[in-house]
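Sending over a structure as structure tokens; questions will come in a sec.
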Amino acid sequence: MLTTNPFDLAPAHLRDEDDDDKPKEECGVVGIFGDPDAASHAVLGLHALQHRGQEAAGVVSCDGFSFHSHRGLGHVSENFKSEEVMNRLAGPMAIGHNRYSTSGDKALRNVQPFYADLAFGGLGLCHNGNLTNAVTLRRQLVQKGCIFSSTSDTEVVLQLVARSDYLAVEDRLVDALRKVEGAYSLIAMTTNTMYGIRDPYGIRPLVLGHLDGAHILASESCALDIMGAEYVRDVEPGELVVIDRDGVRSVKPFVPVQSRFCIFEYIYFARPDSVVEGTSVYHVRKRIGEELARESAVPADVIVPVPDSGVPAALGFAAESGVPFEFGIIRNHYVGRTFIQPTQRTRDLGVKRKHNANRAFLEGKRVVLVDDSIVRGTTSKKIVQMVRQAGATEVHMRISSPPTTHPCFFGIDTPDRDNLLAAQHNLAEMEKLLGVDSLAFISIDGLYRAVGQVGRELGNPTFCDACFTGDYFLPLTDRNDTECTSQQLSLLREKLA
Amino acid sequence: MLTTNPFDLAPAHLRDEDDDDKPKEECGVVGIFGDPDAASHAVLGLHALQHRGQEAAGVVSCDGFSFHSHRGLGHVSENFKSEEVMNRLAGPMAIGHNRYSTSGDKALRNVQPFYADLAFGGLGLCHNGNLTNAVTLRRQLVQKGCIFSSTSDTEVVLQLVARSDYLAVEDRLVDALRKVEGAYSLIAMTTNTMYGIRDPYGIRPLVLGHLDGAHILASESCALDIMGAEYVRDVEPGELVVIDRDGVRSVKPFVPVQSRFCIFEYIYFARPDSVVEGTSVYHVRKRIGEELARESAVPADVIVPVPDSGVPAALGFAAESGVPFEFGIIRNHYVGRTFIQPTQRTRDLGVKRKHNANRAFLEGKRVVLVDDSIVRGTTSKKIVQMVRQAGATEVHMRISSPPTTHPCFFGIDTPDRDNLLAAQHNLAEMEKLLGVDSLAFISIDGLYRAVGQVGRELGNPTFCDACFTGDYFLPLTDRNDTECTSQQLSLLREKLA
Amino acid sequence: MLTTNPFDLAPAHLRDEDDDDKPKEECGVVGIFGDPDAASHAVLGLHALQHRGQEAAGVVSCDGFSFHSHRGLGHVSENFKSEEVMNRLAGPMAIGHNRYSTSGDKALRNVQPFYADLAFGGLGLCHNGNLTNAVTLRRQLVQKGCIFSSTSDTEVVLQLVARSDYLAVEDRLVDALRKVEGAYSLIAMTTNTMYGIRDPYGIRPLVLGHLDGAHILASESCALDIMGAEYVRDVEPGELVVIDRDGVRSVKPFVPVQSRFCIFEYIYFARPDSVVEGTSVYHVRKRIGEELARESAVPADVIVPVPDSGVPAALGFAAESGVPFEFGIIRNHYVGRTFIQPTQRTRDLGVKRKHNANRAFLEGKRVVLVDDSIVRGTTSKKIVQMVRQAGATEVHMRISSPPTTHPCFFGIDTPDRDNLLAAQHNLAEMEKLLGVDSLAFISIDGLYRAVGQVGRELGNPTFCDACFTGDYFLPLTDRNDTECTSQQLSLLREKLA
Amino acid sequence: MLTTNPFDLAPAHLRDEDDDDKPKEECGVVGIFGDPDAASHAVLGLHALQHRGQEAAGVVSCDGFSFHSHRGLGHVSENFKSEEVMNRLAGPMAIGHNRYSTSGDKALRNVQPFYADLAFGGLGLCHNGNLTNAVTLRRQLVQKGCIFSSTSDTEVVLQLVARSDYLAVEDRLVDALRKVEGAYSLIAMTTNTMYGIRDPYGIRPLVLGHLDGAHILASESCALDIMGAEYVRDVEPGELVVIDRDGVRSVKPFVPVQSRFCIFEYIYFARPDSVVEGTSVYHVRKRIGEELARESAVPADVIVPVPDSGVPAALGFAAESGVPFEFGIIRNHYVGRTFIQPTQRTRDLGVKRKHNANRAFLEGKRVVLVDDSIVRGTTSKKIVQMVRQAGATEVHMRISSPPTTHPCFFGIDTPDRDNLLAAQHNLAEMEKLLGVDSLAFISIDGLYRAVGQVGRELGNPTFCDACFTGDYFLPLTDRNDTECTSQQLSLLREKLA
């Protein structure tokens, strides 16, 4: 009978049925060096980066001798609300991590930052990105007698550092990272030094900031804003930043390559108030909307964003097209953006629980819905239905990204090709499946124009756009290794009480 | 040292520092008669009405013989997520309540719906509003030997029903309500009948809906939308709606008076996608913005809403003024709108935790900030500072309500006059205190125009606007009774484990 | 498959499968007047009285103006471990209650002490015993408009006090108690006075103590011991003790009758280290064992108690018979004595979880098992099996109470006659069912001898022994009223989050 | 004010103030091979072994392919009560562990069984005992690049197995154990084989049992009893038992030495209903009491055990001396035996909370108190005081172990010599400090006689009695290594949410 209980599947903070139809961000990292309240600032920074990972959060601080750790499942605000916890996290150095699991299961053992007692002393480590040869390396290391305590790719780096033949921590880190492939923005900490590193392609973001003599590392500039810190610069692709009492030192240990920053960070992942690689995210999104309006204009009465992520592009679309912008769909903010639900049924419910049509602005109107992306298409379909039921005479959908046709292996959780709508269907089919009068995506060149380029340079693209183009410019070692399946990672199924 | 822990004061769901500077909504109610999943629908409805009360939530269902109750502190999604709870709430009838305490403390004993075994059988009861003679009545009842199990004004109604000399439940309800003064939208339930009642002035909303043969009562139409139910009509001021197997019957037991619906429901309380008294809330808010733009135009480069409640008025202001609308302030949605914080310090932190300036759209600009109201002014001041620090050259504030100069006694939690900024300062002083270049409020007539009137008719105003005008058209019996203080309500300080 | 999980039914502290085959104690009460740490002493006292009720515990303190309450399900040590809780329970007066539910369900609303704001001010109240006309009185009161917030018989007293026409609290209490029938040892508290009352027959115990100027009331003397307080005297049957700043005053408001103290308190309920009505409980139990040995001697090699309650009688039996006493059954103390389990299957498991045969002392032996009582007989049967499997050649069971043939209506939770082994079977049948070589119970006269009487005086017995004799000397009003069933008490099924 | 809250220091299940004055047991282990309900049986076994470790409990099961783990702080009954947990622990093999931390802190990361994915597949491992060169080995392993995820000595074994050059699991285990020193009874499990091993001296117990075709390993025979399993034999000192589908195979990989079973297991640790090394524990304890009565008779009126551990020896003392045995001290069983309290003050409170004098049997009497050991002496002193306050005219204390003068390094948590009463004071001083009229300990030879030897053979003692004699027959490598301090084990201070 009671088949419609909308809350019976998981703790409230652990789900968000319709965001389930979005790609999932991979993680957020933060580091503070030289502030008496380092852990508190780390917690604030993680809170600002909560959109990058809602599954778990952790902080490791260091008082110059001991390390102090607190990690837990759930949101930052839940895990770090107690005075007792914050008092334990003593010391002028701290690193923190928000997790959304792209590799490794959800168990507590996978919650970062990781820590290990190594030959030279303690090392804390946290990572945003995804390594594409982690499983292969792990298997080799296990054969040599290494014991892994997690199923996270990040631990591979830690084990490589532990076994490195170099003596200096910096040399060990570089030695380890030269062995790994993939995307990483990484922060490490010993008792007296903090390290920030981006992979040679700079796929994931990492910025450097400054606050009253303390140095800050963070995934996005919005984490600096919440601390009241000043943005200094982005850590460069392939750069290793070494922070100690003498200040910030830059090392470039890798062979230089053309950087390929993830363009989806602009489209969806990064917070709109962040400035990434020198450019305002919100600004880029508006410009995508403008490009989209130029590319795919349609006679309409109202431009309606799918809240919240479609709003900036919809504003740009409305401004360029001259058609009024209205909040034709209202979002109930009492359910935050979080986790994947197991079944299709609950996804459907999710739309009702979080969105409501604003009938007064839809009835009898030709509506242009603006959204940022279509992954499975399940939510889009429900929203179109809802808008039609509210009386819209036409529904046109405009998407501020190109069709998502390929999965990401560089740190974003996307379904495989079988579940990507645009990988399985052409435009006409998609229009029919979604029930729209017309559907259009921004072109790949339009997208590059919106981020300030002339277009995508075929032989030398300047962004990672593999999810739209299939251009995986890094070896996918694990994927090509038939022995590497996630089942082999660990035989343990654990739940800690 | 660790003076900046932003989460150390209360459970995460129990606070929202900057919304603290908003009036607090009083409660939401919902009732379902005749659906096999009555409790599930009640829970969905309460979820849609979460904005009307985040302190506690409860549902009482009835299977025709027994009543089943589940009540708890915190959000709907937290209290009703377990299958076990939902399975217990059996039966085709259910009433539900979201609570924000305007009367009675936060203890569990005050969480509604209330229930009592009376002479005729069981009665469940829940209430949105505030009675202005509850303390006086309570004192009289205690002298007669009544034992109160809560400090809520709602229990006074229950006790009056219990002691009524009439036999029929309907007569007892009317008998009880003729003794009380104040604002109420009330839902009551026996084993076979549901009652929905609005006070003679219709101060709080209550709508009637229909879903596959079941009848629904709810504070706002958005609760019908989430259930997929159809809006039938608003329950009328002074109307008693009786729902049983024979259908819906209307009774008008009170002397008719000019209705005075709370105009603040339009400005801030109701959800923008609700249709209240036949008018779209979002639509009214946009029109207030348009009126405001006409009344208080100012040369500017950008119209920036204070999110989220200022958005519709800002859109209207931008449309009318022709100045571009931009999200110059970004809200972090990982902290929901909730409770009052005890100290000024944490309020300050709250702004940083929830809002961030979108520097790219503020720097070097003349900014018009649009917000819905100013209560204490503390948050407004912080936001102005933040906008200036982001580089705005001018900051003009436009408020989509008249100055809030008087407290509400009809169901809204507002500070007393000593803490209302507009009650203590004139416009010039407020401009200085808030640090703005100019400040303007919508006029009272402009506000009435936005809701479709010519203006406020002095001798016969059609809305309750006491918070702006001091026109308390109902006797404030408790307030004028010097013996009635909240301290006298109960000598018990309780906490249940 | 996993059909044997021994812990899957309830929180660990909430069960004790084999004690399920014992009668359940009804409650413990404590009161402290005039000590700065009144609540702390109350908590200590409740801990000492934990055996009288493990379902819930509560304390209400009074600081001379306000009352402070904390109540919760579970053990005393769990509910009162937090400093925050203890700090809230301020004031020099406190009353406390351990609950095992004989009337009313297990919901939190039934946890005592109760509190009400009455015409004269606040009143706290807690009760050990059972009223035999509570349902009848409740029904009458509901018809008059009283709202009950619990299903406990204790609330009837509170409602009668609230509605009494007398002005003085003492008069109201007496007025109320003259209307009730049954067993009660009751403690009440206003802002300046504490009251201790035993029913005219003195069925339940209540003692008076003294500690550094403070006055103490408690169910048993062991609660005085834990506080370091001095035993003064037992409150007399039918006595009302009034404690205020002027000291202790005694009132005798009832018509005197022959007292009938519950003889089962000596056999099983009271703690062995308590002195009840001037006699050591442990001493009585040993003497019962001696009487039993004289009445039902049998050739044997070893006397083995069923731990823990059979130990003193077994010591007496061994001393009198000259047969060695040995702990032939070992009890695992990691499961405390607590609640009834729903099914027979888990009861069986319970024996294994809590008792183990000490094979070295049973193998090849003729064993006399000594236990205090047989209710359903389920546990006894399992224990006999276990002893036989350990190699005993003969098993003789000796019980230190007469056959339990009638249920208790005066405050003890016993099954109805259909489930009382001795009510359904004669001795030979019981021997067969339990699988023993012989079975003997102490005679009713032997029992009276053990408590210092010559025997049971037929026309004028001096103890309540209704469970053995069926001599219910009080009217069983509710039981004889066909309209009074527990189902009618309340139509509400509630669970608070 | 509220200085006496007896429950304010820790969760209720985590303390037992007066047992704090006992040595602490080191751990209990259990393993089941070949039963469809393996995990359920493991949980039952751990429950029976709860006395060997109350800090944490864990089970790892194996279904032949995957391993399933559940570990948590607190008692067995708390950690394994949910159906969901038990359903996860699938498979016909399971190992389990009760932990009391002698090495490694209390963090969850130290809760056993441990698990690792090794070159050959998964390995689960749990351990009772203490390694005396673990810190030294750990430091060497870290230098080689090993990352430890705990601070437990058991992980050293796991790391040695991981790095062993042998291929077969059995060879790797033996290779690893040949490198470690100390006491261990260890159970390991791969996907198809279970291993049980005792160190060459057999310091800790380990028994082998049988149940309907399944093979059981457990620390004590009482764990077999609770499962209904049959005791087969003790695993021999230095024996490796290999259990797979072909049955049980015995290997003796170590050089044979004279076994030295821990004699304290008989005195205090083992459960009285266990049969250890062929002898009933309860029986040994009684014989110690008899020896003690012969060695240290004293004219007295009553023999009173300090409950519960002093009971069997007191029974033996009473039987031998002819003086009556009485429960002169009553224990409140609502506080279980658990953890060390931080301060002296709470220890004092503990005595009152758990013991009460049975005045009726002490007043005017010459009392012999029988206890099993004196460690710090704090509890003994309180008990003597309590007995004197209850009116005893003389108090003589008899201890069923020799003076504890040396700490244990083989798996028992004892204070260092500075805190061992008998290491700091002679008998006369102890008598004065404890306030007794006389004090006597069993002689070392008397103790050996009680376990069936003629006496302690000086050159060739057959038990480990280092705590009484200082005869540490194993190298104390870590202790003699000045670089090995517990502080160096890990620089991490962690708490998982």
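Read from first to last, the chains carry the letters A, B, C and D; within each, the first residue is number 1.
As a convention for this text, contacts are C-beta pairs under 8 Å (C-beta built on N, C-alpha and C of every residue); 3 or more make two chains touch, one makes a residue touch a chain.
This structure is a prediction, so every number in the text was calculated from the model and none was measured.
> Given the touch definition stated above, what is the smallest step count connecting chain B to chain D?
2
> Where the contacts of chain A and chain B overlap, which chains show up?
none
> Which chain's C-alpha centroid is most distant from that of chain A?
C
> Between chain B and chain C, what is the separation of their C-alpha centroids in Å?
49
> With chain centres taken as the means of their Cα atoms, state the distance from chain C to chain D in Å.
Once rounded, the distance between the two centres reads 36 Å.
> Can you check how far apart chain A and chain C are, centre to centre, with Cα atoms defining each centre and the answer in Å?
It comes to 61 Å between the two C-alpha centres.
> In chain A, what residues contact two or more other chains?
Nothing qualifies.
> According to the definition already given, which pairs of chains are in contact?
A-B, A-D, B-C, C-D
> Would you tell me which residues of chain B are touching chain C in their complex?
Interface residues on the chain B side: 65-74, 79, 85, 88, 108, 115-119, 121-122, 142-143, 145-149, 158-159, 162-164, 191, 489-497.
> Considering the complex alone, what residue numbers of chain B touch chain A?
The contact residues of chain B facing chain A are 1-12, 36-37, 39-41, 43-44, 47-48, 50-51, 54, 75-78, 80-83, 86-87, 89, 222, 225-226, 228, 271-273, 275, 280, 282-283, 308, 311-312, 315, 319, 324-327, 330, 332-337, 352-353, 356-361.
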